Amino acid sequence: MLLSINYGVYDMMIVGGSGSRHLAVKLSRLMRIDLLDVEVRKFPDGEIYVNFLGDIEGEEVILVQSIAKQPNDLLIEFIFEAKTLRDLGAERVIGVIPYIPYARQDTRFKPGEALSIRIVAEMIEWSGINELYTIDTHLHRLKGLEELFSINVHNLTCMRELARYVIKNFKLNEPIAIAPDEEAKQWVRVFSEEINCPYAVLEKRRISDEEVELSIKDIEVVDRDVIIVDDIISTGGTMAEAVRSMKKLNARKVYAVCAHPILVGDALYRILKAGAEAVIGTDTIESPISYVSVAPLIASAILKRERG
Amino acid sequence: MLLSINYGVYDMMIVGGSGSRHLAVKLSRLMRIDLLDVEVRKFPDGEIYVNFLGDIEGEEVILVQSIAKQPNDLLIEFIFEAKTLRDLGAERVIGVIPYIPYARQDTRFKPGEALSIRIVAEMIEWSGINELYTIDTHLHRLKGLEELFSINVHNLTCMRELARYVIKNFKLNEPIAIAPDEEAKQWVRVFSEEINCPYAVLEKRRISDEEVELSIKDIEVVDRDVIIVDDIISTGGTMAEAVRSMKKLNARKVYAVCAHPILVGDALYRILKAGAEAVIGTDTIESPISYVSVAPLIASAILKRERG
Amino acid sequence: MLLSINYGVYDMMIVGGSGSRHLAVKLSRLMRIDLLDVEVRKFPDGEIYVNFLGDIEGEEVILVQSIAKQPNDLLIEFIFEAKTLRDLGAERVIGVIPYIPYARQDTRFKPGEALSIRIVAEMIEWSGINELYTIDTHLHRLKGLEELFSINVHNLTCMRELARYVIKNFKLNEPIAIAPDEEAKQWVRVFSEEINCPYAVLEKRRISDEEVELSIKDIEVVDRDVIIVDDIISTGGTMAEAVRSMKKLNARKVYAVCAHPILVGDALYRILKAGAEAVIGTDTIESPISYVSVAPLIASAILKRERG
Amino acid sequence: MLLSINYGVYDMMIVGGSGSRHLAVKLSRLMRIDLLDVEVRKFPDGEIYVNFLGDIEGEEVILVQSIAKQPNDLLIEFIFEAKTLRDLGAERVIGVIPYIPYARQDTRFKPGEALSIRIVAEMIEWSGINELYTIDTHLHRLKGLEELFSINVHNLTCMRELARYVIKNFKLNEPIAIAPDEEAKQWVRVFSEEINCPYAVLEKRRISDEEVELSIKDIEVVDRDVIIVDDIISTGGTMAEAVRSMKKLNARKVYAVCAHPILVGDALYRILKAGAEAVIGTDTIESPISYVSVAPLIASAILKRERG
């Protein structure tokens, strides 16, 4: 299917920064476009070195770089790469940042705080990219990425891909999808649509100073398979707590699903120990649970637009 | 002397980012201006958090942040801090970056390389600071920092401070100052002026494929005390080689002096093992050899300008 | 099948150190034995803290800890854990170290070198474990792990598991298995047996000072699917070179397979860029290519012995 | 004075591990004994490599290695070095570990905790060193290092050296030395003896659930110079709190003094911000406040014993 595409008037190349090396190879194979190589090294003094190995003049270049885990190193690398591509004569640079960091710092909880996501978004735009693709960027108080960017930005969702993976690999019994908190409703809705099952949002009720109870209204989980869906698993605390509460309510099997598996420290262990049957994520961030690739999603979004 | 200064129409505050905490305290005490506190933390996922603890509205703020060792973390932190200070209503932000990183990547050695220092300079300027003070920034192919910045930038030299420290602490015998290479001539010239001694530049002569000889023309070092002067000691390779060559030429005592002691890994050990009597640097980067403080230099440059 | 086992006279528990958290959960579920929890934290000064959460007195405990990536941190943690288990009254401690580090430093290439693997083996034994299970430990100059340990040590191979995964997931065309060097022959032999295909060893031929040619004798790879098999993928250099040479010889598809996916830096990218169709490893080290679990292998080896 | 020493029947060499490179050079110059070089590298997979460059057969070797900051890396390195020195035929190995880590984990606060210091001490002894020198090892519940080691161990104190530095460099007004807590009494007593001033121990009094008050009994600090003395400054919390309480009680100038400047994160800044005039430490751990060297102390202790 992808083979019959007419790529238009100029050539396309794809290059993966050190945050998305693997994904760039998948995209280049899927889209049948050339892989541009970039050498990235770190000097002993901590400075990074960026060197493109190929002729970029007049080309349209897709720059793929997830910005997670060492977000500052990878953000600076992205800036160096985007600026240098333009400097070397690239006609257009399409930024693909599967995971945009700092999205949770979207308001001032205290009066002196940095509004980090605003600054990071400005910085990404300032790098000179012409367009941006990203996956399920955490939007809480913001309505859309348009509030942060003036260039064209495409916030794709991988929730349908995750749902299809779950359907294909697990035999579900009267499944129900659960959002661990109000913010996660946006993702669980899409996910449950694809699975064709109901969804609910966990509610926190404070029992005492120390204790919190998670519950769901109007829905019974006894003997049903539950899939808890969130955008990010970072330390795994929220997810582990949600899994535990579902097991308490006598759910049958509990699956934990996320778009972005950051998985800090013991995250995976905490969720499994809480009773999860399996934990599933995508390759927006390379991890031991990156069972689902976002490459087809990104490829078709870019190709659709190129042809449009 | 510093006490009699009239600070002008608006108040000044000083804040140190995590790259120059110590130096900010010294400056606040020396300049007798308030120390503004900023909370900087790193979350488990690698994102940093910046929070100013004080009222900034209408103030002129000096933001001190050396950007060495984890330069990308500290650069992003600086951007967050400068942008947030403006956002919170600071009237003016004076940036003090004692060590500017990436200065050695000032040309394209290979056609696809990032011109890192140009991008970093643009980024610093884009952060919104009104003026910049820095110390002995490595300038090789560039003539001045004016080629990189359009805001006012003051490239101060700490070479006289270093020279005075050496005179005061060591009994020198017919001293001679040495630049380990052509680039270091700019610093050794100022240094030797203050010491009031001659200077020379080491020359490399290739003896065979494997061997290089360092020598100096027209000058005898036998039984003289030699001070080798450079801007940066990073891995210590250049400095150790220079020290060794001077010992071979039968210099009496050899001292190694630099502005910026990055001191990666075994740097100090390598130089001492090569035969150096002592290794001396400043506090542009906090290190075990930061015997000389650049605080008075920066304080008087800023105060002079404020009054001017 | 695993369910009908009689566990014998004393109870068994399993605990995973921070190098093998995930694997310990899999083993506990597979073997139906209790998961013992251990809290492991790092203090700001770099010291680690180990705290077992459960009663160990009189128990037989399986301690699972792969020692890769930050091998020194994980080795010290293992020592703390094994010693503390004994100290708390564990009847027996079975060590499971899926990846033993330092195995490549098994001889003195220079007269002053540490024989690291001997010291590490002594240290593991000194920790007080009663028995050791490990997976495909790199043995080059040593004939068996018996030369390193006096306790019972079981060096299991996961090569049959890897082979079965490859057969199940890829449609192979006249497959041939390849060892990238002489040391890897021991693994490729077992692997090819399970696949039921021939195998060969790559030979290095020096063409000039700069160039090396990899070739195989007496065997044709044109249009055949090639599976390159090694124990470890670290920087990926050896594997990428082997893949490239097979593509040059016009192999059809080339697969890269290993037991231990350490995957330093760009390793995966280098191998894919060289032309590999897929890269497959196990979960001895958690990684994005840990498609095959060694849990069943370890479980059945331990249970067989317990019953024996 | 040190020059007239007769070194006895066998030669001595000194070697510094990567935790004490600088200190080993100082000791070799002071003791006029040969510096043995050891190459220590870290491979990309995190394993370390140790290689001695020199003939060790029949020699007595002093191995200097402070074990702070990345204690596990440096502990493993120490073990590799000590074992290898014996393996290469060293007649005797004298271990000098200026800072021994894990000393604060000397009891079980919870029933499942590792008694880390006991295990670390056993490991150090197991490395095969014949004798151990260390500086002000934190002893709280233990009475002496003899409870941990069966080899000869010398726990030297650097408190007199620190006191002499303070006397020489600061003009003190009716000085008083303060221990921030009961544990620190052992150090402040020696320190105050050398300064010839009184000392006191801070007492904690809980005012409310949130508030703690630090106070001293029977002693007035108004307008007196106060020197707070502790063994370790790690995060700086204890020291900063003590400084603040002394400033509140209207002490004139407050100095913070310690043996081991670990200085995690913002430690120095916190103490200065609390109002300290200066912060002083030794070079048991190389830091920006290592104003006092323990080299003469160690040299004379070893030489005294050699002659004894």
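We call the chains A, B, C and D, going by the order they appear; numbering starts again at 1 in every chain.
One rule holds for everything that comes next: a contact is a pair of C-beta atoms (placed from the backbone, for glycine too) under 8 Å apart; a residue touches a chain by one contact, two chains touch by 3 or more.
Note that this is a predicted model, so its numbers are computed, not measured.
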Interchain contact steps from subunit B to subunit D (minimum; 1 if touching): 1
Of all other chains, the one whose Cα centre sits farthest from subunit C: B
Roughly how far is subunit A from subunit C, going centre to centre by Cα mean, in whole Å? 30
Provide the C-alpha centroid distance between subunit A and subunit B, rounded to the nearest whole angstrom. 40
Per the C-alpha centroid definition, the whole-Å distance linking subunit A and subunit D comes out as 47
Residues of subunit D that contact two or more other chains, please. 265
Sort the chain contact graph into one of these: line, ring, star, complete or other. ring
Where do chains touch, given as pairs? A-B, A-C, B-D, C-D
Applying the document's contact rule, which stretches of subunit C touch subunit A when the two form their complex? 16, 18, 21-22, 25, 35, 37, 265-266, 268-269, 272-273, 283, 286-288, 290
Sites on subunit B touched by subunit A in the complex: 38, 44-54, 56, 68-73, 75-77, 79-81, 83-84, 87-88, 101-102, 105, 110-116, 119, 122-123, 126, 234-235, 262, 264-265
